[in-house]
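Order as written gives the chain letters A, B and C; numbering starts at 1 within each chain.
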């Protein structure tokens, strides 16, 4: 069946004389909860923690040791990172990170094939944005940015540049491109994977990562 | 001001004392109270059951009966809602009646809303309770006041020991003909409500809706629960010394 | 008035099942509180609700236009769109996609629309074994049960039943610990995800402007379903479309709060076409199945606003009827207040007249609904459409009642007759009412009306009293 035939069950009946509701244009004044005049890092950290993520606030000097510390505490040895440049994790910083982790005795792979992802203890990704209102980190698909990287390993470490934090959920959707630049897969991640299906008891890590660490890096610039 | 009392079929039959209390409190507030004797039922049972032409017949009748009066006051939020909301809808296609329905809707009040808005009588300040008290928020009062409003009104009563039930706005399961057609469900809902009221530990329940009171009191009697149900008009009339306290 | 209809028989059984009633009470009351707390976080949730209602209503009022745009956008991004005028067509389309490509390992994320069309049975009929991967749906599937809530499918089950089903079907050790049970399911499903080739999901919102599918989930199985297999099929009702990307936050801020009290679901996934050429992973094919299946009939009639529903489940949680009879009693995949509307509207000849009648019209659903569907009012309108289907006795009783209410004299006689007919148990109460009042006195007593009605008191004394009492 084609579109026009399909729509004919609507268009034939029209209901044309009915009063039609206009599309509201000003959404923001009602929807916005957080504006730029607040301590964005503080709001972000509080919201993310409330959603069950663990947030580490670091500086340009100690973010590497912070990540190594998180992974070390978990006894994680097999680590996946992304080859892509995403947000704060530029190619240079990714290389720096890998080197640092290897120096700490971990195995680091930038390959995000199934074998790596399904056997990794943790993954580390950059994010394309972070939302203060909800404590959300955003991962977009792309070349070398696998959908599975923030999803399959049991621990996800998201690295956020402090400048990437935007105030409100509506800010994210406002800036999202509509054309071909719109990634095929975007994930807004708010806390670790959760279920409360069994008698309402909260359990984390049902399918996605059971632990989400967010490392916020406030660089001097 | 002249106020016509719409006592409602339930109060007329089962709890005339509520009507009496409303009359006495309204008179206390300086109202000239009338009782149009031809009144019966607002038609809500028919309306809610989907018998809308039947409901419209009763609506036209009610409109004609109450047309001459300045205000119409009823102890039932549910019947007030029927008149104010559904009469104009029911008669939407009959321009003459629709206008008359709008007029009636505009001058019809639920009892406490009337006291607050017209004679501006302070209900809280004039109430007294000599025991712990809880309340049933009638679902159809939503049109007029929220459960939180009712809670606030009662909490301002001097010296009150108010016990708020949880959840504050739980339905009692009455629902008119629903209580008979689906007695099983209705009874289960009533059980939940009685339990939440009992859990407050208060013995006196303010219940401003005749149907809800009939349902809950009937359930309490069946279960041997010692809850007593009073309309706020009765409590006011007693507090003001306009009526003897009941047993 | 006796428990004669199938619905009433199911109700009788449901009310008597104390275990389920208790489980549903606990879960729904908890969710009501969570929802209220979630809404209180918002500056002005009433305003957001109004916007959500308006955006959705607008979309419906211009539905053909938005569907056209939506389809064009998806196709522009390399996705395929299929049109299913009814459930049968939807089932056939999906089965064809699977069989024509030789796809065998089918995973599903939770989708009420797929439940609505009984997709699993259709897939099984062509030799496939779709695996439900949402934890609740997975348990429903292995226990050969059906969901009883649109968000929390196993709200009716306790951990003992779940433990038994897992032990029996998965051969694992018996445990009642929710974390352990969850981890057993995780391990089991992980292997399936690793090797699947077809993923079937529902859709929460379809953005017309960009052809984007928005899917809101908490567990991660939804993400796995739409990113692991080679082919992703998304089944969506035509009412799921919204105009613009920037409309999404209006709904996202309400959806999870209304469902569980969370500000957002853990994962909000936006899918705009299949995997791009250079993408590291993702499905090579994206198929969107747009389904009507009775929706255009609802759309064309007076119940259009029902299609605003975003399936948050808040009306179920708020409903004191649902709380006492659970989801299965409704005899439909959509239970609760929204189900009492949707089920008879989607299946007008299905004999569901009793569903809209089984409500006290307390209005808790309408207050909770994030898109402001006036559920109680619509229930009454639906009752009005079917009032002729009441048994003759009931219709005659209604006429007699009307006749009595039109005459003050008959009304007074009726009051007296009632007094005469009620048997006083000795303390002013009747415990066994006559005729239609028998049902009234099933769960409760009826007071014997006082000798003097209000009108009698008025006439005798009140009318003559001095104004000052």
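Rule of thumb we're sticking to: a residue touches a chain if its C-beta (ideal position, glycine included) is under 8 Å from a C-beta of that chain, and two chains touch if they have at least 3 such contacts.
Everything numeric in this text was worked out from a predicted model, so none of it was measured.
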Chains as vertices, touching pairs as edges: which of line, ring, star, complete or other describes this one?
line
What pair of chains is linked by the most C-beta contacts?
A-C
Which chain has its Cα centroid closest to the overall Cα centroid?
C
Geometric centre distance via CA averages, chain C-chain B, whole Å
32
Chain centre separation in whole Å, for chain B relative to chain A (CA means)
53
In chain B, the residues touching two or more other chains are none
Inside the complex, what are the residues of chain C that reach chain B?
1, 3, 8, 11-12, 15, 21, 25, 29, 32, 320-321, 323-325, 357-364, 367, 380, 382-387, 390, 398-399, 401-402, 404-408, 411, 415, 418, 429, 431, 436-437, 439-447, 449-450, 452-459, 462-463, 467-469
Show me the residue ranges of chain B that touch chain C in the complex, using the header's touch definition.
7, 9, 11-14, 16-17, 19-20, 23-24, 27-28, 32, 35, 37-41, 43, 45-52, 54, 57-58, 61, 139-140, 142, 167, 169-171, 173-176, 178-192, 214-215, 217-219, 221-222, 242
Of all residues in chain C, those that touch chain A in their complex
23, 26-27, 30, 41-44, 47-48, 50-51, 54-55, 57-58, 61-64, 67-68, 71, 77, 81, 83-85, 89, 133-136, 139, 152-154, 158-159, 162, 178-179, 181-183, 185-186, 189-190, 193-194, 209-210, 212, 218-221, 223-224, 226-228, 238, 243, 245-250, 252-253, 260, 262-276, 278-282, 290, 292, 296, 299-300, 304
For chain A, which residues are in contact with chain C within the complex?
1-3, 5-7, 9-11, 13, 15, 18, 20-24, 27, 30-31, 33, 47, 51, 84, 112, 114, 118, 133-134, 136, 141-149, 151-152, 168-170, 172-174, 176, 178, 180, 182-201, 203, 205-209
